Amino acid sequence: MNSETKAESTLQADGLVNGGDGSGRTLDLAAGIALSSESRQDILLQAEDLLVRRGGVTVLDISALDVFSGQVLALIGPNGAGKSTLLLTLAGLLKPARGNLLLRGERIGNGGFDYRRHIAMVFQEPLLFDTTVFENVAAGLKIRGVGRAEIGLTVPEYLERFGIAHLAKRSARKLSGGEAQRTSLARAFVTKPEIVFLDEPFSSLDPPTREALTNDLERILRETHTTAVASTHDQAEALRLGDRLAVVNGGRIVQIGPAAEVMNRPADEFVASFVGVETVLPGRVVRISDGSFTASVERCEIEAVGHVRMGDEVFCCIRPEHVTLSTNASPPGTSARNVFPGTIRTITPLGLFQRVRVDCGFDLVAYVTRQSLEELSLTEGKSVTASFKATAVHVIRRRE
Amino acid sequence: MNGFAKKGLLAATIAALLMVATVAPSLAAPAQKNLILATTTSTQDSGLLDVLIPLFEKKTGYFVKTIAVGSGQAMSMGQKGEADVLLVHSPAAEKKFMADGNGVDRLIVMHNDFVVVGPAADPAGIMGAKSAPEAFKKIAGAGALFLSRGDNSGTHAKEKGIWKAAGIATEGQKWYQETGLGMGQTLNVAAEKKGNTLTDRGTYLALKKNLAGLPILVEGDAILLNVYHVIGVNPAKWPKVNADGAKAFSDFMVSADTQGVIKTFGVEKYGGPLFFPDAGKPEYN
Amino acid sequence: MDLILEGIRKAFYLIFTLDREVLGITLLSLRVSGTATLISLFIGITTGTIVALTRFPGRQLVVSIINTGMGLPPVVVGLFVTIFLWRNGPLGFLEILYTPTAIILAQAVIATPIVTGITLASIQNLPANLRLQILALGATRVQMIWLLVKEARLPLLAAVMAGFGGIISEVGASIMVGGNIKGYSRVLTTATVMETGRGNFDIAIALSIILMLLAFFVNAILTQIQQRERPR
């Protein structure tokens, strides 16, 4: 039943696109960075004017939100920002006081399980049933009335995909945190949902387990072209998984857009302080030498350290405090491998520091002390040389 | 149909079947002619009814539900129409019951007698007294422990009558304690606490093997006569009463065969009869 | 002491010779209390789950009533059930006073709040998001409730034990509404009371031992299931 619905939905989506500007639905990632391309995406899920109240207090107030087909939307924000509430509302599990959800343009009835059979959700806790791993993964299929024979074929495939085939007969109560979350993910994906909601799925796992799971999730999202909305409070995770980022605070979306854009051009002070990394540069690996590599960014090249392959799409993240500004064209005695001449665009005071935005062909943000600012007599429009070490570049590999 | 619903349905069906299977036979019971006999604990505790009821059921096909309570409670059940027939031993109360129009066909069935039992040491010195009220006066005078049923049973009514004849108010007396229990249990308490009590002879004899050190101290006084009557509950007052059954039971109790059974009941086991048949005799005074 | 030994001897004699009356009393006790437990499970699990999963005005009061009901004195239940079942009482038309059915009814009334209370607590003890997770797996309301109850099955076994244990050993209500009628509504507890009254302490002790063995075996079986299910 599910596969039929899926086929039908694809047809509908195709029809939508063809009836539109005819640009096709294949998405070039580079183009995806640009704001203008957003309007050309297929919208799978749309939220209009959502309002959620709890105990008379508004906890969620979203005027509009689009989830694009085949993309991952990462929700980031502090604890209590409303990320979980937003996910639950989008998943049809929380009835908003006001507002609509539209799946492929069609309104979703309130509390209908037919909508819930098109989606899946993974929570922070694995929330497994007290039975075997196999039965857990089969749960969604059993709920849909899928026959034993089909379950016997489908479930092992997904156990394999999430690397838990050897645990099939084990009790869910005897799993490690990572194994349990893998089971939860497999249970969500086995129903072939059109959209998966992930509520901080890895935040209670230790770093190595988390890394392995993020890799697998990334791979499976790519393989299955599943649309997803994932919340996280970790920027690196958001950048790895998310095609787009939505920053949530106080129950509102304060900024939404392609990942790099949100990172680089925070809409306000809150987003800037929350995302922390103010320079995020999308690039492509063009050369690899011993231990370090060169990535092309805009028209420049940045040297960084990390394990990458030729042609990998990467984000280069540079923390403002790691950027040194100098008024000399080639600063003497510096060991920095990345040196870029540029022009100061803006200077904003930020507590102990001054936040200086430099245009070096790409936007680079640096923090300098008030003392340095006066010594170098930096002003807006002045030419400077910005430099940072190869080791200061934090590299995040992007989904292909 | 999906697996979860199937299992749930299965479980519900099993539960339902179990309930029907177990409830059905008892629901079928009213189809049979039920007869509620409210009686005293002494008739049950002595074992007499265990002999008589099966005979009656076999003979008539009625199903008797024997509710063994005190005579007082048995009559209040009759008064509310919650019983069909009574077998009780509280003549004064019975007369009032009849006078109020609650009963029909009050027939004498049998008698035995009450006896005063107490510790072998006999601290009140009542052994061999000819008069029960005299003995009660001595108990009160010595402040010797007396255990009363305190449950409005026929025995309790008789006991109160004797205290009245002796002119003694027992209320609030330290030596006077109410058990609120049936005859058998009150006898057990009396044996344990070395107290005096009034009991019907039938129950006393039936329980004697467990009542070491609790001999009969006073017997034979005319006031100690214990008479059992069978009374049908008035169907004119309570239409739901099984009047035919009540009539059948009354007839059965005074029939020659039954009277013969009563006469020999307990002779083998206790060496003497527990009850003496009285059917057809005039009322004792 | 002799009396107790004699009682134990008699108990084993009655059990091993399969004394018809004792056997009948024992089976009736099992049947009556078993049925009452089933009914209380049916009503209690349903009510407990509904109260656990819904929010409505006065819910706190309902929870308090359920918790109070868990300690409902059997004698009080017996009294009220008797009054209701009287021929001329509100439920007199049922004609079930002084029948095993009446005992089942009274015992179900005693056990239902116990099962409801334990169900309520065990469903509320499940992870808060489990309900949402089940719905997110595409479950209908009914499927969700069924899955939640299934998840709470271990504590619910405790409810079965508490309910059954409470009513099989109950005497006050059984004697009032059942009447302790020989071969018909006489159960282990009422027979024990009567035999004690008759001074037949050996039989009373024998019946008590059977009652204890019965309670023990039923609990042992349920505990066995519970322990086997528990993660090692």
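Should a chain be cited, it is by its letter among A, B and C, assigned in written order, with residues numbered from 1 in that chain.
Heads up, the rule we're going with is that a contact is a pair of C-beta atoms (placed from the backbone, for glycine too) under 8 Å apart; a residue touches a chain by one contact, two chains touch by 3 or more.
Please read these numbers as outputs of a predicted model, since none were measured by experiment.
> Would you mind naming the chains that touch chain A and likewise touch chain B?
The common neighbours are C.
> From the Cα centroids, identify the chain that ends up most central relative to all protein Cα atoms.
C
> Please find the two chains that have the most C-beta pairs touching each other.
After tallying contacts for each pair, the winner is B-C.
> Whole-Å distance, chain A centre to chain B centre, using C-alpha means?
86
> Just give me the whole-number Å value for how far the CA centre of chain A lies from that of chain C.
55
> If you average the CA atoms of chain B and of chain C, how many Å lie between those two points?
Centre-to-centre distance between chain B and chain C: 31 Å.
> Which parts of chain A, given as residue numbers and ranges, touch two or more other chains?
As it turns out, chain A has residues touching two or more other chains at 143-144.
> Find every residue in chain C that makes contact with two or more other chains and list them.
Chain C, residues with two or more chain partners: 143, 147.
> What parts of chain B, by residue number, touch at least two of the other chains?
If we look for residues of chain B contacting two or more partner chains, we find 2, 4.
> Across the complex, what residues on chain B touch chain C?
Listed in rising order, the residues of chain B that touch chain C are 2, 4-5, 7-8, 15, 18-19, 22-23, 26-27, 29-30, 34, 36, 41, 44-45, 47, 50, 53, 63-68, 80-82, 181-185, 187-188, 206-207, 209-211, 238, 240.
> Touching chain C in the complex: which residues of chain A?
Residue positions touching the partner: 88, 91, 93, 113, 116-117, 119-121, 123, 125, 127, 129-130, 139-140, 143-144, 171, 173-174, 187-188, 191, 197.
> Can you name the residues of chain C that touch chain B in the complex?
Residues 31-32, 34-35, 38-39, 41-42, 86-88, 92, 95-101, 104, 142-143, 146-147, 179-182, 184-185, 194, 196-199, 201.
> Quick one: which bits of chain C touch chain A in the complex? Just the residue numbers, please.
Chain C reaches chain A through residues 127, 129-130, 132-133, 135-140, 143, 147, 150-151, 153-154, 229, 231-232.
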